[in-house]
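Note that chain A is present in both complexes that follow, paired respectively with chain B and with chain C.
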Partner chain A sequence: MSAPVQTSRWKAIVLRHETALLAVVVIEWLCFNAIGPRFGSLDNTFDILRHSVEIGLLALVMTPVILTGGIDLSVGSLLGLCAILFGKLWRDAGLSPLTAGGCTLVIGALAGGLNAGLITGLRLPPLIVTLGTYSLFRGLAEAITRGADTFTNFPASFLFLGQERWLGLPTQAWLFGAVAAGVWLLVHRTTFGRSFRAIGFSPEGARYAGLPVQRRLTLVYVLAGVIAALAAVIYTARLGQAKADAATGYELFAITAVVLGGTSIFGGVGTVHGTLLGVAAIAVLNNGLVHARQPREVAGMLTGALLLLALSGSVAPKLWAAWRARSRPSPPPTPSSTTS
Partner chain B sequence: MSAAPLLELRAVAKSFGGARALRGVDFTLQAGEVHALLGENGAGKSTLIKIVTGAHQPDAGTLAVGGERLSHLTPAKARALGIACIYQQPALFPDLTVAENIGLRLEAGTSLRTIDWAARGARALELLRRLGAEIEPDAEVRSLSMPEQQLVEIACALGAGARIVIMDEPTASLTQKEQHLLFTVVRDLRASGVGVIYISHRLEEIFALADRVTVLRDGESVGTHPVSSINEAGLIRLMVGREMTQIYPPGEATLGAPVLSLRGVGCTASGVHGVSLEVRAGEILGLAGLVGAGRTELARVLFGLTPADAGTIELNGEPVVLRSPQAAVAHGLAYVPEDRRRHGVVLEMPIAENMTMAVHRRMFPGAWLRFGAERSLALDYIRDLAVKCTGPDAAGGSLSGGNQQKVSLARWLATRPKVLILDEPTQGVDVGAKGEIHKIVRRLAQEGLAVLLISSDLPEVLGMSDRIGIMRGGTITAVLPGNADAPTVMSAALGQSEKGAA
Partner chain C sequence: MKKLLPLFLTAALLLAGCGKSPEASAGATQASGGAKKITVALLPKSKGNAYFISCKAGAEKAAKALGVDLLFDGPTDTDPAKQNEIVENWITLGVDVIAAACDNKEGISTALRKAQSKGIKVITYDADALPDARAFFVNQATPEGIGYGLMDEAARLLNGEGEFAIILATLTAGNQQEWLRHIKNRLAEKYPKMTLVATRPCDDLKDKAQSEATALMGANANLKLIMNICSPAVPGAAEAVKQAGKAGKVKVIGLGLPSENRRYVKEGVTDSIILWKTEDLGALTVEAAVALVKGTLKAGDKSFQSSAMGEFEIKGDNLLLGKPFVFNKDNIDQFNF
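Moving on to the complex of A and B:
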């Protein structure tokens, strides 16, 4: 009795989206390792890690947003705005980087609260609301700097966060790991994550079950804002400067990583570890192509192709099953249906 | 009178899954006749209409139009034969003009044809004037009242040369004056040789308008009578006079203190007004009424989905404000909704997750999921309620209707409620599961729960209830004792005079 259960469980794990994605990451790694001589080095591995932290953070918090059936297009712009405000708070208000960072997180929360308020209070679709704040936040960043002001000359103690190692790993990797663990627990081990999925599958069903739908939606958008602000601080520390056009287009990379990781854009289905694998697949691809001396455009093309392939791949088994069912001869009529 | 009737159905049967919606119905419609179709909710009227309009294919029986037998009727073929249906909610394009709507229905256009606007307008005007309607063809449909939209529908039917016109509760949203206008139109149609099938719950309309009336009950025709040879009491008897085919669990009610008391409760948005009611511990209060009488709306008010804006709600003597479902749950209310696929169960989620969905706070202190506890709770309810499934991990959507209903019920029993509101708990549920659900509900009442049972299934209300509240037009119009007979309840629900033996 236990044997068939065991095989089906193994089959389920092998056929899982995350497993296929892990294989893609490994294959990417092996290919680039064979092509580029320096690709597999520890330095380069840390480089990949450093470069993927900001997009990774955005993808992590985008996962619960998409699980509820929503979307947040404003995170990239918010990252830019927060980077500018962080620079302002440090340079012009004279705050220490730590205090300025704390204030930036609060600003991120407020910005996320604005999204949440418009979505839950006015019941506007998340796509439209965050499309609006996408322009609003970036516009604010550009207005504050008049498109020219940049913030540089940060103290070394701050740059340590983005450019040095701590306990053997890039400093920001520790923060990333902590956020990843937190979001994973939130989504997979708490009633919050359960509610996100219920809302994503059926907002009305969740309401009829007495779940606090508005509060849960508020949580995911505020969380997205806070983590976008954290990503802004790390981004500034990695590059050593803050400009209004920081992280342009990051929201789309984040969404790509989430969807590549197996989260359904319609909500309800998805995992945080899938998202992490999605981030890894994109990061390794981008870095590897640099080492393989391919132009940047190729990375965009291949990322797009990978995403479409993954999406088709997840639909293919269903289509195959449907085709099999149709081509099979129809079963003989059951006795009960021939009574008339 | 010609030999062949305009429309003739013989022994028409239709099943959906296991449920037999029609079991061999005979029905004839003559030219120049208004033939009323009467029956309770779920008696099979809609199914019969859908067979005549070609939307459903009968499993058995024959259908003939003008003496010609039709084997495979499609909606397009039905239209071509001159069969038109006017629904309660007109299906027009609100942003197009009257003439455009009529043109879309009547002009057999292809995309390459040009439109003769003048002819289209003139035709629309001609059809509307034939109906005596003062509607401008250029008016946007959005700007028309409901009866005016119905007239546009009838104009479409006329223009299509309809010989058979079906009207499904056309007066439901009309004022007295608008009704008279509609009646005139119907009489004109009859005079011009059109056969009209007229569906209505309002008995007085049937006597005012129809020539014959056919009563459907449980998917069977229980008789066709000339209107002149039958009275209202006779019709009501035909509608409800069935054998009690099911044994209902006995209720030796030992009633406790009032748990839920409503005084003048209303909600403007949902049309509920002035509801006063008391449900006691251990009592099953049935709520009977026609579709649209406001029963589900009342349940939604109590559950905080559309909060009350008038009156007071008391739970165990304490006034409470129920502004959201969370507040209602916190106060010990539970609502098993009518539409279980949309509201009762999240189809994509496992049974266990569905069952704990309303008890997150109590089951999972500190918000941490406890999978073991969840699983054992689910297994308990699967056993207690005899849910047929492969296990707690099976998706809610993989279950049959009755078992989904049990999952929905389990979710609310897990909250240990004081008041349980059941909305059509056995609709679309097979007979076996139905009986089980009845037993569970009776047992819960005996354990001291106050139960509000909304049901359109009259025998269910009669068999289960300790008292029966009648709703009509958004309010409670009467409360009858649990031993009231079917004609009394039906009369009260229809708003007939002989109500109120309380």
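Moving on to the complex of A and C:
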């Protein structure tokens, strides 16, 4: 009796979107490893990790946002704004990188709070609100620096965060791991996570069920702001430079990773580990193509193809079922169907 | 199972994509296995820019002649982190030398220093990094070369006498000031019969340059030539001269891209465009990069003997491309940047 249950459980795991995505990542890895002699080296693995931390962080916090049926287009611009504010706090206000970093996280929280306030307070659609703040934050960054001021010459102790290793791993990987674990626990092991999905399925239903919808939504957008600020500090440490155009277009990379990871853009369905695999699939592809000596444009094409195929994957079974239902001769009427 | 199908298809697509490349990389590994072919990685500021595509064409010719592998890759969007990521990828890829046109001086220097610490040679071209992050900068034009080149060309067109005016970007920009200083030096030194009647800023805007040029022609009846030292001003001034019906009477020269000015040059409004030959810049960069790997170019050298283009002067750690090139009616069609 227990054997069939076991197999069906295994079958369910194997058939899961995340499992298939994991297979894609593994295939990518094996493929590039066979072509590029240095692809599999530890140095390159760390490069992949370093280059995907900022987008990875944005994708991680984008996951709960999209789970609630929302979207945050402002995270890339906020990263740019936080990067130059961090630079200003350090250079012009004379704060230590640590204090400046702390203040930057507060600024990120406030910016996320602005998004949250407009979305929950005025009941405006997240797409419109964050489209507005997307321009606003980038515009502020450009206005503050007049598009020309850049912040550099950070102390080595700060650059350690972005360019060196700590306990064998790139320093920022530890922070990334901590945030990933935190968001995973939040989404998959707490009532918060369940409420995000409930809101995504039906905000009205969630409200009638007694969930504090506004507070939960505020939480996800503020979290997105704080983590975008953290990503800004890491980005600055990695490049040794903060400039107003930092992280241009990162919001779309983050959304791509989340959707590729199996999260429904309509909300309600999705996992954090799926997002992590989505980030990995894109990052490995981007890096591997360099080792395969393929031009950079190919990465964009293949990422797009991967996303479209993954998306079609989620609708294909329904279409297939519909097609089969249509092509099969209609079953004879049964008593139950006549009554209904 | 059905749900998995597309993902398997993706995997197949990837495999197919990979399946093609082993031939290409096999060629590369074979070559590197045999004679240890040098790999030069050339980084433009942006990949689609006609200026850099033209540099690449010259670089490819030089790479072919020297028998080295050339990698050309650059950002396709404006994220400042991209150049760093490309350099870091090249470091792990294990290229022999990186030649970079730097978009963000300080930012990219971090990555270039890392390359140097891993034993990869680094040179810069077109736009320099911080001096400690590279061995040489292939300098396409010194301020003196540009200033003298413009003044000499103006004097040649006016036979050494008459009034002329200058339109520049802003009065405060560092490079503009420096070029202006060299133009004035040359004027004082060699052309006593020529007078600079006005110097006007156009804020790097074509339409403002056009109205400035119109005003200059109105205010100075004997104006013979307008010299434009920022690129938007050249077509701007040409349009003003054309509309005033003074083509040929008031000559237009300036610093700009041939492509932006081809129309006016062919109509006889603009007489000459001064710039360097971008193909030569790409070729010299590759030659210098290879020489750096082979050890034939090293710190302290006073000159560099290229294999295809003769000898080039080295000033400090700047390898000079030489005098700027004059584009005019006769040769402008040969250049497509």
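We adopt the following convention: the second predicted complex is superposed on the first by the 334 of 340 C-alpha atoms of A that agree within 3 Å, B and C clash if a C-alpha of one lies under 4 Å from a C-alpha of the other, contacts with A are read in each partner's own complex, and residues count from 1 in each chain.
What we mean here is this: a contact is a pair of C-beta atoms (placed from the backbone, for glycine too) under 8 Å apart; a residue touches a chain by one contact, two chains touch by 3 or more.
From a predicted model like this one, the values you see are computed outputs, not experimental measurements.
*Asks:* Quick one: chain B and chain C on chain A, clash or fit?
*Replies:* fit
*Asks:* Of the two partner chains, chain B (first) and chain C (second), which one does A:F32 touch, if any: first, second, both, or neither?
*Replies:* It touches chain C, and chain B stays clear.
*Asks:* Where does A:Q294 make contact in the superposed view: on chain B (first), on chain C (second), on both, or on neither?
*Replies:* After superposing on A, A:Q294 lies in contact with chain C but is clear of chain B.
*Asks:* With both complexes overlaid on chain A, does A:L21 touch chain B (first), chain C (second), both or neither?
*Replies:* A:L21 sits against chain C, while chain B stays out of touch.
*Asks:* Please compute the chain B to chain A to chain C angle from C-alpha centroids in the superposed arrangement, rounded to the nearest 10 degrees.
*Replies:* 130
*Asks:* Have a look and say if chain B or chain C is in touch with more residues of chain A.
*Replies:* Chain A has more residues touched by C than by the other partner.
*Asks:* Can A:F158 be said to touch chain B (first), chain C (second), both, or neither?
*Replies:* Touch status of A:F158: no partner.
*Asks:* Note down the smallest distance between any C-alpha of chain B and any C-alpha of chain C in the overlay, whole angstrom.
*Replies:* Distance of closest C-alpha approach: 19 Å.
*Asks:* Need the overlap of the two footprints on chain A, from chain B and from chain C, as residue ranges.
*Replies:* Common interface on chain A, chain B vs chain C: nothing in common.
*Asks:* Hey, which residues of chain A end up touching chain B in the complex?
*Replies:* 189-192, 194-195, 197-198, 201-202, 204-212, 268-269, 340
*Asks:* Okay, in this complex, where on chain C does chain A touch?
*Replies:* Residues in contact with chain A: 1-11, 13-15, 17-18, 21-22, 24-25, 28-29, 47, 71, 73-74, 76-81, 84-86, 88-94, 104, 106-107, 109-110, 114.
*Asks:* What residues of chain B sit close enough to touch chain A in their complex?
*Replies:* 13, 59-60, 305, 324-326, 328-329, 335, 337, 342-349, 353, 357-358, 360-361, 364, 367-369, 411
*Asks:* With touch defined as at the start, can you tell me which chain A residues reach chain C in the complex?
*Replies:* Contact set of chain A toward chain C: 15, 17, 20-21, 23-24, 27-28, 31-32, 34-38, 41, 43-44, 47, 50-51, 150, 152-153, 159, 163, 235, 238-241, 243, 245-250, 285, 287, 290-298, 300, 302, 305-306, 309-310, 312-314, 316-317, 320.
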